[in-house]
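Naming follows writing order (A, B, C and D), and every chain is counted from residue 1.
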Amino acid sequence: MSNTIGNKLKLTIFGQSHAPCVGAVIEGLPAGMAIDTDRVRAFMARRAPGGELSTARREADEIRIVAGLNEAGRTCGAPLCAVIENADARPGDYEALRDLPRPGHADYTARVKYFGHQDRAGGGHLSGRLTAPLCAAGGICLQLLARSGISVISRIAALGGVEDAGELAATTADADFPTVDDARGRAMRARIAEAAAEGDSLGGIVECKVLGLPAGLGDPVFGGMENRIAALLFGIPAVKGVEFGAGFAAAGLRGSEMNDPFRLREGAVVTETNHAGGILGGITNGMPLVFRMAVKPTPSIGREQRSVDLAAGRETVLRITGRHDPCIVPRAVPCVEAAAAISVTDALLGRRKERN
Amino acid sequence: MSNTIGNKLKLTIFGQSHAPCVGAVIEGLPAGMAIDTDRVRAFMARRAPGGELSTARREADEIRIVAGLNEAGRTCGAPLCAVIENADARPGDYEALRDLPRPGHADYTARVKYFGHQDRAGGGHLSGRLTAPLCAAGGICLQLLARSGISVISRIAALGGVEDAGELAATTADADFPTVDDARGRAMRARIAEAAAEGDSLGGIVECKVLGLPAGLGDPVFGGMENRIAALLFGIPAVKGVEFGAGFAAAGLRGSEMNDPFRLREGAVVTETNHAGGILGGITNGMPLVFRMAVKPTPSIGREQRSVDLAAGRETVLRITGRHDPCIVPRAVPCVEAAAAISVTDALLGRRKERN
Amino acid sequence: MSNTIGNKLKLTIFGQSHAPCVGAVIEGLPAGMAIDTDRVRAFMARRAPGGELSTARREADEIRIVAGLNEAGRTCGAPLCAVIENADARPGDYEALRDLPRPGHADYTARVKYFGHQDRAGGGHLSGRLTAPLCAAGGICLQLLARSGISVISRIAALGGVEDAGELAATTADADFPTVDDARGRAMRARIAEAAAEGDSLGGIVECKVLGLPAGLGDPVFGGMENRIAALLFGIPAVKGVEFGAGFAAAGLRGSEMNDPFRLREGAVVTETNHAGGILGGITNGMPLVFRMAVKPTPSIGREQRSVDLAAGRETVLRITGRHDPCIVPRAVPCVEAAAAISVTDALLGRRKERN
Amino acid sequence: MSNTIGNKLKLTIFGQSHAPCVGAVIEGLPAGMAIDTDRVRAFMARRAPGGELSTARREADEIRIVAGLNEAGRTCGAPLCAVIENADARPGDYEALRDLPRPGHADYTARVKYFGHQDRAGGGHLSGRLTAPLCAAGGICLQLLARSGISVISRIAALGGVEDAGELAATTADADFPTVDDARGRAMRARIAEAAAEGDSLGGIVECKVLGLPAGLGDPVFGGMENRIAALLFGIPAVKGVEFGAGFAAAGLRGSEMNDPFRLREGAVVTETNHAGGILGGITNGMPLVFRMAVKPTPSIGREQRSVDLAAGRETVLRITGRHDPCIVPRAVPCVEAAAAISVTDALLGRRKERN
């Protein structure tokens, strides 16, 4: 396990799906910061299950900051620890699948890695539940960034074969199912309902932009903005791809199309286009930082699937019972924003401001 | 700057394009390993410039291991330091572009970040030249992996609008321009020649597979195989996207299509398909680890481009003179293999083998 | 702040003296380990306040493991999180000293570092209270070490001018006030009572030995056993010095006296003496690892002391009210054992066992 | 091996006593810094062998900065790599002792750890030779600190039973054999000559002070100034103890004696005494940072010593031939200063300056 990430802002995540709690320890927040926990809760609520298209498990996701604040409720320089109780923990539900690894889940690989001692209940530490502390940390970082005029916006760029239309330029109207084009959003929802009705699930693509960034953030070669963000994003279960700016489409462009010409706008250096996604050589150039992330369809589906009975050593079929999220993409959106916020905060806090 | 990466195998890269040398320090190699430097050189030669389609700068890339070997030429447990002289260093060539940031390059962002003190010559530390020590480290790791029956293969999956055909299953015939389908490879070369003739450049997609991996490698949540590989790959200049297994295509699949059913083959657990790319929950499942990486077109092109004269504070145009690589994709292939080899070695050395 | 330490075993400590809780996150424990929480509690009880010579604040130090265990109560490979509630938190007690830094405490330095936002109550994050999670982590590591036949013993080597007599060779009879010579122990207790009666406090020296270590542990140059143990020990408040083997006395010896001759005992390589303290070149040699640690007298004393009113900007005197621990040395003993256990576990888990 | 240390300033050391070179990679130096290599050389010369009381091996210690400088010779933000050739490398000299571990050296422990593959020649990577790159890094950091008005002074506090007299308050007259009291210095030299004549060796104590430090440096709990400095100091071969301020003597003081009263001097908060050694709670308080370090006598002595023939599996005696340094304490002084400078620079670069 490796659950600590970051340099100047160091995040450690702990907990399992059905342990008493999940939580995050955050080191490096500047002392004296007031944290609006209501806003953190509101942010985390976008990740929480319980929507009409979502899984049956309902969790209040009540965040409790148990360390790191002074008597005035401000950060005190000590590591902040945020804990979220697992109110609805029911480890027993998973006993039937004890020796039957679910396709697309980490049941089999965790079993091999931990010699059968992994926490099986609900995916244990490798559950999507661990994105709750990620969002708690992200929600806090977003408040820190806001003070420097930095904001993070995002949308569902594609879902179930439907692509969103238009350009992502501002916070979308519907934060819980963010698309630029409402009709496309409705079409996506319809696809989810269809898939759910058929006992199946869908994936999608999330697009995210960080606005208001100064030029000069990022620590190449291995701590550039892309390295940092990617390393965090792949900590979100179900993520299978990450691209920045033109991304994979860049492979089909010519240099004369891809290169973003430099221009001056009111004395400031900008680029005419933004195929670079705001990053050159791992360092921000002052343009919006743009990335997209591919989310695979929820591996838990209602249909019969082939698997192996690891105890008996023979092939078999399994059927996952209970309701499951037919599409986690909407809930992945705040996770992506959280990852972006954490990475950017880390880079921002580590930046050298004064010329030598 | 952040030029150290890895846990059990720790890699530090140093040098600039026109400094006396570039190099790598590698900590954590097991003591007693014989290194075949001829094979490392042969591997590095695939990255070196000088091919018919390549830039004029020719470098022998003569690797010299100056630390970490005992008198028998085996690793001694101390950090290994490999140095590659910059034989053809000509810092003066770049003076004309002193205040004119080249579009698509890190000239502007490095200037902001380092307050004008960055090494301008040839991209300085942010040059593709830094992939030479990466390949040196990768070439060494590949030898270590080979002893465990692990190998890395790759191909150019797409270039200049041409996609390779067939499945990547073994080392390709042409290591310098690897494609599964020869005709497609020739078509790609033709596209490069066309672009070069027009003073333009091309990008592409590299596909890579790691074969022979045991199940159980990777340290989620932030040290999973995807996190590690992505963090390294984005240290290669020009990389704009990374995907594993079905990658971005996973976003368009249903769960019933994406999930890889588990099966038994001669007593071993395998998956029928490999949309997961050999990784579930960040941990290898014993199937080939598969990923693809998008490389943008070389930013140095012969055409006139818009830029800004940062000293004068006005918009202008620039033209980059001299010959430049119209497509670095073939040279990126060994870099991708190196990144894969380094990441896998790190995970492998950190693995706990014995059951508790 | 920097509250994470270790490589293969990574410890993160959080909390403040009067926050809701203090706690530890431990990454890297092998999966499948049964933890005897009663024994951890018993170990932690030695650190807890409340003895006849101790401070008035009494805390049950009830450890609760909220993450990292599977349904069978064994480690599951995920980070373990142990939380200890601050049952007796009374932040208000410290308001009178708001602007009067206590001599010998971190009040002033924390105020400067955190711009006045530090948690003032009871020393905040820099309180001895933070040794509770250290001992929780140490208590768990001791159980892991015991299975490899490794144990940690210690004693109060000096206190209030009284030196213990005899050689530390086994666990002492009195775990709460460990000395080899009972009479010397009684004399030390008498000195504490005297100092307490005079509103003063005492320091001392703790000696610690790790028995049963294999040769070959430690990662020089900067991860040798001495570096690791020292880095942890100086995380215990009031520690002002650390020495290994002959330590400072080595400075007065000749090489012919200091060097430990190698001998064979039943086929095993041993040293005749152990001035090296079981470490050569940062690596264990199979002999007992021996170190000593100097603990300064408790800075909280009943006497009037000079200080500065930072708000008013003038010199003043202060008197700390309430009962305070006249000597924390006995309570520091388990902290030292914990630090030793954590360092050794980290080195042990990172050791390469197989010859290349 | 673990040869990387530091957070904001990251130092990696490589090389062996008889490898082609030793060297250091330093990440995190601010861009734009001019490095006076002559002064670095002069600083390193104090560490180099060759004095009248020193070993026969003479090395120019010619430092060459092969990476990290721009065309103007200033730091460019990229990692700086400094290389020192091993001009006098003669690996063959050590063959006679192949299977006879020298008492007090790391021969035996390295052999166990690296399964016999360690570089035997002259101690390999565990040689005092590795303090050359440490001093190179330290010499550079000292220049950076000087610009902030921070300086490092030191002296030999004790050697061969002779203690220096007086208070260390400024750079001593004799940089190569620094004592405050000349007569004591002469007495120490006489003791070295005596020991050398008898084929024996001596240890000593080095005292070091860092002047001009601002209050507020250090990152407790595990990155406090004491933790950092100690972790670095124990990377210097032969160091067996480290103490800060009153150090081990603090164990014998009462709280009323140990506590440093706060006072105002021209509006600034100071302490009347400095038993804390300038550090409270791991954080600097603005007073001189004071520490002492115990150096054991050189393990290489001319006398016959008992050892074990590891190949034959029997006890034997060995005699180390050739001239050896009868006392490395004077050469350890710049190493101590280097360690202090590196630790302080790391803390200084990581400091948050602006109030939130």
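As a working rule, a contact is a pair of C-beta atoms (placed from the backbone, for glycine too) under 8 Å apart; a residue touches a chain by one contact, two chains touch by 3 or more.
On a predicted model such as this, the values are computed, not experimentally measured, just so you know.
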Target chain C, source chain A, minimum contact steps: 1
Of all other chains, the one whose Cα centre sits farthest from chain C: B
B-D against A-B, pair bridged by the larger set of C-beta contacts: A-B
For chain B paired with chain C, centre-to-centre distance based on mean C-alpha positions, whole Å: 45
Distance between the centres, which are taken as Cα means, of chain B and chain A, whole angstrom: 26
Rounded Å distance between chain B and chain D, as computed from the means of their C-alpha atoms: 38
Where chain B touches two or more other chains at once, by residue number: 1-4, 7, 13, 31-32, 75, 110, 113, 115, 117, 125, 355-356
Chain A contact footprint on chain D (complex, rising order): 7-8, 30-33, 75, 349-350, 352, 355-356
Chain A residues touching chain C - in the complex, by the definition given at the top: 1-4, 10, 12-16, 19-23, 25, 27-28, 31-32, 64, 66-72, 74-81, 83, 91, 110, 113-121, 124-125
Of chain D, residues touching chain C in the complex: 1-5, 7, 13, 101, 103-106, 108-110, 112-113, 115, 117, 123, 125-126, 130, 158-161, 195, 200-205, 215-224, 226-228, 230-232, 234-235, 237, 239-264, 267, 269, 271-272, 275-277, 279-286, 294-301, 303, 305-308, 310, 313-315, 355-356
